[in-house]
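Heads up: the structure comes next, in structure tokens.
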């Protein structure tokens, strides 16, 4: 995601990639609006996580897992459950990631994916109330990158949504002021699915789903969450400080819309088998 | 402990907003340059009830050294909210939100700066939100950009910023707190005024593609107006002889600010 | 506040200032027992803070804001509310202040100003009880320096006291085990006002309200909180390790007492208009 | 929120365990080498429901510098559990338990490595527990050892590891979560397979001296079996022409891995 | 405990110690299975700690203190109290210890001593319940090394156990949903005492209770907790990465068993006088 | 969990304190030098129930380097309370209070030391409060000063310290915990005994100017007495032949301590 260019990519490589893009080609032969191969494996942590998914986007891969806990609601929304998405850039995934507390890039990754879930109202938090003002479900979706070859955001967004769609947990109720299990296993109430699509600007061209070497030469990127009704529910310009024109933003939105349905179909197919 | 009550509507039958503004009307804005004596450059902004101070220190030596960039100055932005600037007391330690906003503000400002003139140095931009009432990241950019000019950091142009939002189905410029909280979305953005290119862009809520494009166009228009306000604020400080009128201003200002406004061709 | 002398002040400057003081003069022409010009702007954060004030002491300025929250009392004082003063040395205020966690100097600033409020029993904490053992008001006064030209302590003390005097908040009560607003807006119960006065020792002379260049050459400073009955309620020797004789401490106390009433009057005048 | 119920017995009247295993029977184990493309070496292990990934980066330059060792490479092990790998959500920050386990894993691996060949460098071993169902520190060693071989770090041999435990008074190999939780003790260990010497040894619960010795003997036997599985996993990746059968394997493997298996004399 | 050898011990010293051990001798003339002189002073913090002890093991010394608080039980053991042992390697005890957050070595020390108490079920946590699911006693035993001349683990284990055996605290009960003192002072319910014994491997020889210079040359160490029924209740190989054979582990266990009773007797004698 | 009950009075009708002391009477004090074998210098103090250890390491090399002072040694003081030293368990991490006290103790000791003899080095003073029963910062100074002498750090003199307080309207020397808690104020101070100059001074509670002056005079008197106790403690360790009586002591001591007591002229 970050600005690793100076350290890792020689000037010759950089020029080569940029020239290629200018000619309308990409390093791996993809079209500008074409994602890499997407593989989604749902329910990969069946014994411990309430929901989970492993996603491969070309040579990028991430795993997401969901835990459902019981906790107290926020004072200003006493009848709503809580959702939270976190992500860390674990050093297992790349020689570019370092040990230690999260850096700006890791914070941005977590916040972008979190926004994609919260702003899109993916989970029906009103249905996550056990007893108003006292007890609600708290849904944590945590993402771990395993291989970083570019575009962690989209891979994480797909993984988190697939994990949420497979999430099942024991229903709880309050009895004599204690939280006890009802014995039922219920599915997480999903209201809206929005997937994030990231388009990179290189020179005056846009490409979707940049791999790592393309990220190194990008001027900036635009991440767009598109929901099931083709609404844009979250947007973030990042990945460099290059400015972008309104026309290119419009074009990027078109690329996101063009890919939105297909990726949602892939997710739905992957989670269908999990019962 | 400032209990807020959801208003019945955000747009009145007459098409006016809760504070009486038209949809494309900015809140009252007051920009001041050179407000902090210890800083190399500074500015304040009051935009409605939002009140923010920005200070610039540098170019100066960078610590810790390992952050040094060999080909340009490091632009370090620290956006911080006072604990008492928000309805509930904010915890004193910097939050993840503050860190993310610091990063997007730095990205919004960089394209306007000639940072390559100070390799290995740091330019520090410290932003303190005293009162937050919506649009703080955009207001912070408006003030930080003026503080950078006040510090004499060479720049292509000032960077204006504004948030466009949606409430009761209508696009609105420069959301206040209530409109942000009870509305359907928010699009903060910043631009380079010469080209209209966007240097900050975020969005949340629900927008169709067409709405988003329209919102951004409104934002660009408002930014261009804000840019005029920014230039006026600079003039009030840098024009040597205000009695002479504004005819001579541009020359004087450019002389004072070095390259700061030279490339502007509006 | 700290010991920045070696970095920032040349030996020639140092000698110049010390010689001047020896001759009975100060850099800016003030008398030894004379404060710089004091401006107090009350209620500068009217929409979000329960109380606030901006204070200028010459070219030093700070802003203080008060938040009133509801929380639980300490176990050993179940019928008392809580007050807490914090201060950080934000880098906005001086090239001498650094980013990062608070250093010794910042901790001392916060603790001195806090002591001035708590030891003087400024707030009547017994009146801040909502339900004994369960719910009390918690009053946070937080100080942010904006411009640092010496004597942050006195500026912060004035600002915190002015902010507390302007503090109003919605009254709460417990009803059916829930905390609800009564609808009344009430003023913070103030019992005693004590302002801190800082005297610097340079050679064998004492000056009050040192500016930054004077702080650089001070041997040590003595901060004294003087309340409305001319009691000393908090005292701190700091700002360097120079020793000080009992006679000079006595003389410093006299300088503090001489200025105490005037500054309290300034504060009262500034907060009177806030209704 | 995965409520667990204590089973009535951990050993059935027929002498079998809750999952039907014999006392000295390992859970099904799947080892894979080269599973992560960005790492210099990597491996995964599934042992029952336990699922762990290990990646090796290096030898490479060490930051911060003051950790540098002049006579050998620094072996830095970071063992981390995913928040969702355990019944309750683990906090994201590394716990003291994770730090201690990182240290004992490093100690378990070091005697098998020729770290003196890379003075001043670091070899990083990152271990991510995806699902924890007992025996994670031992499974992690099994995988990490393969990842080190995959990265071409010179080694005397692979390091196999297993936990032996006690439940209902009986010694059992390779405890699952339930056996660990409701049993009377646990002895995780790792060995150098050539000599049978122990490189990791911990224990909790209640054991007599005789039981402990017997438990360690069972562990050594299981480790030797695990070592065969580890070698098989390497073969699957490093033997160039699997059609030729296994006769030529050892030569090929040694050629591929440098010194890695040379000193093994079983 | 750590691996300080390269910095602090010359090669000549190292060879000297190893040669000596090979000849069957130790630096201070002790037998291989012989502890240094052990002094136990119980109840050294009588006015503030609920239990305490200072232990000298040759020139190593540590102080341990116990605090008993009232808190909430863990959700998965609602009828059990909590015990926790912590230890830090305070820089007061050795030029080898540094200021700052605990390093790996300090974490290991704390975890080993903690395991010796928890795995041995030293405290009868079922008896520490005040009201099931609501209030239990929480027993903290904290260790501070004062002089580090090797074998902090055994010294800490002895000190923690002696401190626990002297622990007395005011009995509490729940009355009208409040925790109040009954007026009785009760002893901590002790179920099992297990002391940790640490044996160091140097070459092919084993020695017990290594001093600092011996620790510097050890290949590894084996810490074994032995309870009052001669059960092994916790074991940890550490202190270096040298491998160890099964035969030597067995021999180390014998050395631990041989010393176990005598040290437990010393502890019992030391705590007997505390009433 | 040590419930304390407020006493009916702090001064009895006979003018005595809760523990039977006269107003100007110190608690029983035991000072020992050289109590910790690993440290370069050490001392302990028992003052009533307060029990504190101090160790000095150095002069030695300073890490991290950027703290180095070019013209003198850096005096680094770390004052820490054991978790069990106070009625409620203190959290293990250093509190802001502990950091502030570390700073004022360093300032109290510095004027007595010739730190300029060791430029770029550090002198570390580690203070561990084992049991706290009032007056810990002053007791810590008494012990730290002895530990510095024991470490051979050149000094003008030892630094004695005591707290004077006020209870039931009366000034009292060396407050115990109860007197501190239920009294009306506290004035901890330290002095240079040759000149009577004050090197530590703090105060809380309510005092008139006259009361404060009187309190400080009482404190100076008590400090002078404490200084004698400090010298006695040093003698017990450093006088080679105690049989010879005290006449020869001063010479011997000065020979042992270098400059440490030379400048004292009482």
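Labels A, B, C, D, E and F are assigned to the chains in the order they are written; within every chain, residues are numbered from 1.
Heads up, the rule we're going with is that a residue touches a chain if its C-beta (ideal position, glycine included) is under 8 Å from a C-beta of that chain, and two chains touch if they have at least 3 such contacts.
Keep in mind the model is a prediction, meaning the values are calculated, not measured.
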Message: Measuring between Cα centroids, which chain is at the maximum distance from subunit E?
response: B
Message: By residue number, over half of the contact pairs should agree; on that basis which option among E-F, D-E or B-C is the same interface as A-B?
response: D-E
Field: Label of the chain whose CA centroid is most distant from the centroid of subunit D
entry: C
Task: Find the geometric centre of each of subunit A and subunit D from their Cα atoms only, then give the gap between the two centres in Å, rounded to an integer.
output: 32
Message: Distance between subunit D and subunit F based on Cα centroids, please, to the nearest Å.
response: 54
Statement: When centres are defined as mean Cα positions, the distance from subunit C to subunit F in whole Å is 29
Query: Ring chains in order, subunit A leading off, subunit B next?
result: A, B, C, F, E, D
Message: For the complex, give me every residue of subunit D touching subunit E.
response: 71, 96-97, 99-100, 102-104, 106-108, 110-111, 187, 191-192, 195-209, 212-213, 216-217, 220
Field: Of all residues in subunit C, those that touch subunit B in their complex
entry: 44-50, 52, 59, 63, 65-70, 86, 88, 90-95, 98-99, 140, 142, 144, 146-149, 169-170, 181
Query: Which part of subunit B faces subunit C closely enough to touch in the complex?
result: 1-3, 36-39, 49, 51, 53, 55, 57, 60, 63, 78, 80, 82-89, 92, 124, 126-128, 130-133
- request: Using the touch rule from the top, collect the residues of subunit A that touch subunit B in their complex.
  value: 6, 104, 107-108, 110-111, 115, 119, 220, 222, 227, 230-238, 240-246, 249-250, 253-254, 257
